[in-house]
Each structure stands twice: as C-alpha cells, then as structure tokens.
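A, B, C, D, E and F are the chain letters, set down in written order, and residue numbers restart from 1 in every chain.
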Amino acid sequence: MPAQAKLLTILTEAVLEDDVVELIMAQGAEGYTISEARGRGAHGLRSGKWSAGANIRIEVVGDAELCARIAERLQSDYGRDYGLLMFTTPVEVQG
Amino acid sequence: MPAQAKLLTILTEAVLEDDVVELIMAQGAEGYTISEARGRGAHGLRSGKWSAGANIRIEVVGDAELCARIAERLQSDYGRDYGLLMFTTPVEVQG
Amino acid sequence: MPAQAKLLTILTEAVLEDDVVELIMAQGAEGYTISEARGRGAHGLRSGKWSAGANIRIEVVGDAELCARIAERLQSDYGRDYGLLMFTTPVEVQG
Amino acid sequence: MGGAMSFEPVVLFFVLGVCAGLLRSDLKIPGSIYEALSIFILLAIGLKGGVEMAKHAVGALLLDGLVIVLVGALIPLVAFPILRYLGRLSRADSASIAAHYGSVSVVTFSVGITLLGQELLEFEGYLIVFLVLLEIPALVIGVILARHGQGEVRWGKLLHEVFFGKSIYLLAGGLVIGYVAGPEGIQPLDRLFFDLFKGVLALFLLEMGLVAAMRIADLRTYGAFLAGFAVLMPLFSATLGTVTGWLLGLSVGGTFLLATLFASASYIAAPAAMRIAVPEANPALSIGASLGMTFPFNIFLGLPIYLWMARLMHASGG
Amino acid sequence: MGGAMSFEPVVLFFVLGVCAGLLRSDLKIPGSIYEALSIFILLAIGLKGGVEMAKHAVGALLLDGLVIVLVGALIPLVAFPILRYLGRLSRADSASIAAHYGSVSVVTFSVGITLLGQELLEFEGYLIVFLVLLEIPALVIGVILARHGQGEVRWGKLLHEVFFGKSIYLLAGGLVIGYVAGPEGIQPLDRLFFDLFKGVLALFLLEMGLVAAMRIADLRTYGAFLAGFAVLMPLFSATLGTVTGWLLGLSVGGTFLLATLFASASYIAAPAAMRIAVPEANPALSIGASLGMTFPFNIFLGLPIYLWMARLMHASGG
Amino acid sequence: MGGAMSFEPVVLFFVLGVCAGLLRSDLKIPGSIYEALSIFILLAIGLKGGVEMAKHAVGALLLDGLVIVLVGALIPLVAFPILRYLGRLSRADSASIAAHYGSVSVVTFSVGITLLGQELLEFEGYLIVFLVLLEIPALVIGVILARHGQGEVRWGKLLHEVFFGKSIYLLAGGLVIGYVAGPEGIQPLDRLFFDLFKGVLALFLLEMGLVAAMRIADLRTYGAFLAGFAVLMPLFSATLGTVTGWLLGLSVGGTFLLATLFASASYIAAPAAMRIAVPEANPALSIGASLGMTFPFNIFLGLPIYLWMARLMHASGG
C-alpha cells in the first residue's frame, strides 16, 4: 500500500454486513476493519440492542479511486433504503 | 450534508452518554455514532470492565462551526471533572 | 496537548494488546484508546470470534514525532509476524 | 392460580423493562446478552418441539398441518388490503406489516405455554412445529404482495433469509436434534434448556420491555389507525385459530396455543427478512405495531381472552 | 463446616481473580458478561426479598425499618469528619467516600447469606429490603455534605440517579415482583434465580477479584490513612449494626446480616451516583477504598468477626 | 443408547453449527458469549477434577502421573519429524503443529466424559489433572523444536503464557478450589457447574461448529498431507494412550479417557501460546488441522473407536 492513501469510513446497518463486505472485496480492497456501533441519523435511533437495530462501522484503507468506487456502489445499492453515512479522510500509512 | 465537513471525535466516560447525546442533538447535529471503548489518559486507566470504568467514542459529522460549538460546550460542562478528549478532522462526505 | 496533533490508528491482533500498550506508554504517550474490531487483510479473515482471532483498534493522539516513533517500533517488533496496519491523520485537538 | 384471571407473573418482567425505558433508567441489557438469550429460547423451544414430535407418528399429522398452514396463510392476505386501502399505507409498508402479522412470535408462544402450565392444561406438543411452518408462507406472501407488478424479486436472497435466517434455522435445528435424539437423548440437556426456560424467558421479557418502551413513541407518530390494527388484527386471527383448532379436534390447550400462534406477530424473524427483501418498507412501522402494541396486548389481555375463547368453544361446541 | 472458622469456599473465586490480575494472566471477563451477572444478582436478591416480605405483615416492620434507616444514616455522618479532618481529604472526596460507606454492597451481603446457609442459621428475610432503603439516605447525605454552602445541587438528576440507577431499580423491581407474585408465583423461576445463585456469585467474585487487583495499586498511591479507614470503618459500622440488631430483637442470623449491611461499602450504585452528583470527587479514591480494601477485608475477615460478634451479643445479652 | 454405536446427541450441535457456517446462515454467537462459555467449561472441568482429587490420596498417583506425562511428551516428538520431513513444512510450522497435537482439547475430553456417562462407565476422576499437566511439556517441547539453534527464546514470556494463559489458569484454579473446598464445599455450586455442564457444552459445540466451518476452507488450501496427518496422528496417539492406560491398570473408562486426551489436539490454549512464542508459524495451518479436521474426526469417529479399543484391550488383556 502506498504511504499516501484514503480512509473510507462507512456507517451502516448491521444486516448489510455480508453484502457490503463482499462488495468491498470485489472492488479490489486489500482488507477492511469492522467494529460495532449504534447511533442516530435520518433513519432514526439505532440503539444497537438487537441485530435489526444495530449499526456497524467499516473502515477501508486504499487509494482514492478505490474508495470513491466503493462509496459510489454502496450509495447506489443501499443509499435509498438503508441507513448509510460514508466519508473519506486522507491518511498516511505507516510501516 | 455538504461534501466538505468535519468529523468530531469525542472520547469520554460512558456515564455521560445520555447527557452528551442530548447536548449534541440540541446543538443541531443531524446524527451521531457511538462505539464502546476503553483506554488510559490523565484520569488514569479506564478498563471498560464495568460501566463506571468504561469509555465511549462518539463521532459527529457536521460543519466546522457545529463541531466547534459542541466541543466548546462539552469542554465547559464536563472538561474539568470527567475524562474527555476531543479532536476534529476534515472529511469528505460521500454519496 | 497542542491543538495541532496527529492521530495514529493501529489495527492489530488482540493477543498483542498488553505488549503494544506497554510500548505506547514507554514511548511517552499521554494516553490511548482501544476498541474491539474484526476484519480481513493480508493475514486472512479475523472474525473476532475468539481472542486468537480478534483484532483491536488502538488510537493514540500525540505529536507527529511520537506517532512516527511508536509506528516504527511496532513495525519492527511485530510487523513481520503479526497482522498490523497503521496510519496517521492530522487532527485538531479541541478544548 | 385462579382460572378466572389467568395471570402469569413472568409478564411483570416486561412491565419492569417498559418502566425502566419510560423512566429513563440507565438499565441496559448488553446486545450480546440479548443475542444469547434469544439463541437459548429458540433452541429450547425447537428441542421441546422435536422431543414432542418423536413421541407421535408424524405421518398422521400431515393433513392437520396442511390445514393449519393454509388457514394461517389467510392472515397476511386479510391484513394487506386493510392496511393498504383502509390505512392508506404504501404497498411496501402494507406488505411488510402483513408479513409480520402472518409470522409468529416465539416469545408470545412461550408465555402461552407457561400460562398453560399454570392452568395445568395439556397441549399437543407438535404445535411447536408451526412456529417454523407458519413463517414461511407469511414471508413469501409478504414479498409477493410487495412486488406484485413492481420490479424483480431477489428470491434467492429472500428464501435464503427465510430458511437460514437465525430464528428459523435455530428453531428448525432444535426440532431436528430433539427429534433425532428423542426424550432420553435430550434428557441430560433438560437442566439447561427446560428447567431454566422460564427464568430466561423472564430476563428476555425484561429486555423486550426496554426495547418496546422505545417503540411506543414510534407508534404514537403513526397514529390511531395502526394502533387499532395492532389490537383488532390479533383478535381476528385468534378467532380464526380457535375455530380451526376446534374443528381439528385439538384439546383446549392446543386450541388456545393455535389461537396464540395466529394472533402473535413476529418481531425477530420477520423484521430481518423484510429488511432484506422489501427494504423500502419502513421498519419503524412494522416493529412499532408488532412489538410496541400487539406483543403487550397479547401477553396481558390477549392470552386470557384466547384461553376463555378456547374454553367456551369446547364447552359449547363439544 | 466448623463453626470456629466460618469459611465459605465461594470467596476462593475472588482470590483466583485477584491472583489472575496480579500475575498478569490474560483472563478477562467481557464487560457484557459482567453486566449480565450483576443484573442476575440484583434481580435474584430482589426477588428473594420480595418473596420473604410476602410472608410477613409488612406494617409490623415499619418501626424497625425506621430505626434501622436512622441508625444507618449515622454512618456517613461519622465517616465524613474523619475523612475531612483526620484524613485531610477534600470536601468532595470526603463526602463521596462517606456516601460509599453509608451505602451497602449487594455482593458482600450475598456472601453473608451463603455463610449463614453453611452455618445452618436462619435470618429475617425482610432484611433484604434494606439493601434498597439504606442506599437512599447515604447518597443524599453524601451530596448534602459535598455541597454544603458550595454551589447548587442538581437534585433532580441526583434523585433520578438514586431511584432509577440500575442497581436500585433492579433490586426494587425484584422486590415488587417477588412480593406481587408471592412464593408460588416465583417458584417456576427458582431454577434460574435461586438454584444458580451461588454459582453465579462465584463467577461474579472471580470478576470482582480481577477488578480489585487493579484497584489495589490505586490504594497504594493514596496511602496508609485510607487503608486504615477502609478496615476500621466497617468494624465500627458492624458494631453499630450488631447492637441495633440485638436491641430490635433480631435472630443471630439477622443481627449478623444487619452488621454486614452496615459494614459493607458500595462499589456499584454509589460510584455511579457520585460520579453524576459530585463529579469533582476522585472516583479512584472511593472505589479503591471500598473495592480494593473493604470488600476483601469484609469477605475474608469481617464476616467471621461479625458472626462471632452476633453470637457473643446473643449469648451474653440474652 | 446401544453400546454398538456409542452415539452422543450433543455432537449434533456441532453439526448444526457447521451447517450454519457452510450454508451462510446469519447465526452468530457473540464473542463475549464464546468467552463466557469457555470460562464456564474450563472452571467446571477444573472443579470436577479437584473434587475427584480430594477423594484420593494424591501421593499414590505421583508415579502414574509421571509415566503419563512422559509418554504424552512423545507425541510432539513423533509429530515434528513427520511434519518437517514428510510434510516439508517449515520448522516453525512443524513445531507449532506438534505442540498443538501434544496439547489436549478440553471440549473433546468433555464429550468423552458425556459419552462415558451415557455408556454408564466409571472413570478415574483424577485424569482431569492431565488436562493441565499434558499442556506444559507439549508447549515447551514445541518451542524448543522451533528454536533449536535458531535465535533466542523468550522463555519468560512463554512460561508466563503457559502457566497464566487463561485456559491453564482456569483449569488449574478450578482444580485447586475443588480440592480445597472438597465435595461438600463445592456442592452448592453443583447446580451451576455440574447440572448445566452438558447443556453449556452443547452451546459451545454449536459455536465451535461455526468456527470450524470457516477453518475447513483453510484446510483445503493446505492440502492432503495435513488432512491425512490430522486423522492418522490422533489414531496413533490414542493407541499409545490405550496401551499406557491398560498397563497402568486404569478402568475401561479411564483407559478410554487417556486415549482421548492423547488423541485430542488443542485449539484454545496452544494457539494463544504459540502465537506469542513462535509468531512466525502460520496459525491457519495449526488451527485448521486441529479444529477443522481432528476435532470433528475425534468426536464423530475417534471416540467410538477409542472406546472400542479400550474395551478390546481390557477384554483380551485382562
């Protein structure tokens, strides 16, 4: 991975985990990291209490183009019907 | 949400969750995301073992002004007596 | 902590937690934050199911030099044999 | 104790949870504990059903089973036009809610069983199988209603979700293990799965109360129509179940349980399946109605009514 | 078994946990399991108390109750000046620690009950109610002491925290359910809440040992005064409890339990309440003293001493 | 029930888990529940062993124990050259896998005990001690093999990991508590630790099935040699155990359990220890073989074979 890269952070519904992960890898990402989350947004309170009401937070480090492609695909597949917030930050990969 | 925004990350004590969330929404945020955390800082080890010793990690995406306002209010309400670390990063909201 | 700082994010195997934390504090960090994670990378799927297959996500806020030093030490100690991804972002510490 | 009031103390834990939510207590049951409790309940119910089935000649039950599934399939078909034309809900929302009410609630069913235990009434153990069998037509009908003339259906994904979604999978898996192992094979597991069942149900109800408290507000948003539906629909379905059970010659306990199955609405399996198959439906509506309204109605008022109905039917009919 | 040493094997799990912590074992009990165990213990104790109360005429106990609460309220009032003037701690810290010692520890109380079980001694079941009743004056007095002449008190938040904080809420909820359902209503829940109680307590003590190991280091930082206070204060409170119990005509077991209640210090309810109400107090001090020192002192040395005191009092006094 | 097939229904839960994984069900057991179940099993087995030891004169067992440990130490020494020279695996991988097969599996052992229960066979309770004792030489030998002439060993870290890693620590801690408290002291904990044991084991096997399903794919990557090793090695080790048990005069049940111990491969303690001590070994190889292949082989085919071997040995030999 080049030192200059992008971090794409995806906040979405836990029920989408398998599909989103498949899409990320299919777009050519080298990996991803998931942690559990809860929160609130346009789709209301998601308390994390049970799987239908829980969020996940997925991070993908990769080049800008990959991150943009993943974000675009996710937005078009799930953006309309599911809770979804995505943003990118520039990062410097170490080591 | 405009594409250019700020991500405010708040690391604080889990007992404050309800109050902090209320403050965030009262300041006009569109949403927030919470995940569980533990750690160490000026207030010592917070092992996450039980709720009195657990941290949370709250993220708010919004414009710079909103993030600054939330940070300022949190600092003045809780900064003196509670474990609290806050920082902002510029992010590009996708989709 | 100065307002302009770096956030070092470390994604690695949960079995390394005690060692990595010790190293971070020994390098002079003021604190750190840990959350649970799972994911996939060059070392394969890490499902978070049991401790031998779980990841952690460690964040350290500090000056650029500290973050670089920690990353370098971690890379040389654990980079070859363990799952490890590290990146830094510039952050503005609030409050 | 008294036949008159049919009160089951375990529902007090639901009240405790609702009050904690409404009073903003900091009581929280961690998500992983909720998952563990629901895995326990699904497996335990499945095992119990499998053990019961092992005692019967399954072949003899096939015709009864077919009748029950067909009558059960009426429920979403009746619910849909009511929601769509009387309630003026969108096609997707109407279909999704119809699927929730055609599906069944394992916890409501479990409270029904403990009530029978308290009333010292027997029931036909194989009825547990319908916790699985009634889900399938309800969810499939829900999707057909949502998609009728409206774009393609992801049938592969949907059927996968229906059969391998964790609720059905654990119930069905428990059934098979209970059936294969039989009463003696399962007996060493009784200490965990049967003796502790009611206590675990109490804890689960506490958690459900906490979640329901959040849903009650949702329901307020969606108004009187949905609240009325959430009370009247189960009464209708229960009547259907009572008559069907009586015609099939079930015992009083069995008739009551069939009514309870029909009257109950899903809030675990159906939400997950509908989220995948009909994502444009608003989950707050269907979960608000089924968990915020129908579930408490059933466990506090519905079950005693259905028991009274079953007794009446058997007294007058037989 | 011998009355001489009054040793209860369940405390060995605490030792196992402390050693794991000190020896840096990677043994960790996940936070959600800790939460689940504590919910279980609080509910179980509450239910037990409620069932016991259902057996008594509650009215007759009112006077006794008032006496116990008033005497219990002396504890924080005695502790405060000692901490403030002898220990030279800040006003906020002194008040917070005083509140912790005026409050009670459910786990210490539970170990006390298992010890009585082993000694085959009976006790007045309604004493469990004081797990709830003694918290309230202790926390309120703590806040008054901290705020006396010092800025406003957020009484609304504090009282909300006291009554709806999860510990008190679950204890009180369990009491009410146990009381309403009565012995027969609760009986189907006994398999979970009563039969497993001691085993769950063992696991909880294991976890508490892990946490206490981290706190022992804290205590070292704060020095000899606090360590001395953490041992002598419970001895004083236990003496108060023993005399009070004897004057009220409690049995040996009841006298011992009242002494245990008074002697125990809170590390679940009080820390949460004080963090909200007196945030400028350092929680490491109060938790270090109550969990790192007083709790182990009580379960290993205190309880046998208090039992001996109760027997002595009854032998000489009666 | 029949002695001929020695089938234990609890293994069906493993099948349920594997199928869920292969069929991509969304069934997941949260990580914290997995941790809690494994803490329970380790403590329960330890307590059971300690209680059994309290019934025996431990001194008399010393010689037997030494023999068992020495013979057990042969297993990694036999496995290493096979893996290194026949399998052409790297030194680190060969050593790590050898350590896994020299170590033991608590869950396999537990399934063995429930099988004996079903066959109404007794066994020497003190054999549980070897769950602890056999780990130590296996892990130490594994590290020596990996490091022989190859850079320094972090012995301090390794031995710390071996003795204070949570598996060994909990087993050994349970042994000590069980021994100190004795049968009567532990008896109030029986409701949790012994009565529920088999049910908890069922849930644990469900989870292990889910994990194993992911590992089966790993194994496919590493090919036929490792798969063959994962089946033949336990057969060899079991034979060693059967002969040793018979020579030491163990009962049929005890001989069977010793064979089971030798045949089983670790997937909890050894992976953690090897990850620290031999980090350059690929954990997918060792866990793939031990969990993806040897574990299911043992519980489905191995255990019945070992029981048959133990019976044959005793029938022909004595």
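Convention: a contact is a pair of C-beta atoms (placed from the backbone, for glycine too) under 8 Å apart; a residue touches a chain by one contact, two chains touch by 3 or more.
Since this is a predicted model, take the numbers as computed values, not measurements.
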| item | value |
| --- | --- |
| Farthest chain relative to subunit D (centres taken as mean CA coordinates) | C |
| Same or different residue numbers at the subunit E/subunit F copy interface, by half rule | different |
| Whole-Å gap separating subunit B and subunit E, where each centre is the average of the chain's CA atoms | 34 |
| Whole-Å separation of chain centres (CA-atom averages), subunit A against subunit B | 20 |
| Residues of subunit D touching at least two other chains | 24, 26, 29-33, 35, 196, 272 |
| Junction residues of subunit A - those touching two or more other chains | 15, 35-36, 48, 51, 89 |
| Complex contact set, residues of subunit D against subunit E | 1, 9-10, 12-13, 16, 19-20, 23-33, 114, 117, 195-196, 198-200, 202-203 |
| Interfacial residue positions of subunit C with respect to subunit A in the complex | 8-9, 11, 35-42, 48, 55, 57, 67-68, 71-72, 74-75, 79, 84-89 |
| In the complex with subunit E, residue positions of subunit F that touch it | 30-33, 35-36, 39-40, 43, 160-161, 164-166, 169-170, 173, 176-177, 180-181, 184-186, 188-189, 191-193, 196, 272 |
| Subunit C - residues contacting subunit B, complex | 5, 7, 21, 25, 30-36, 61, 89-95 |
| Residues of subunit A defined as touching subunit D within the complex | 13, 15, 36, 44-45, 47-54, 78, 80-82 |
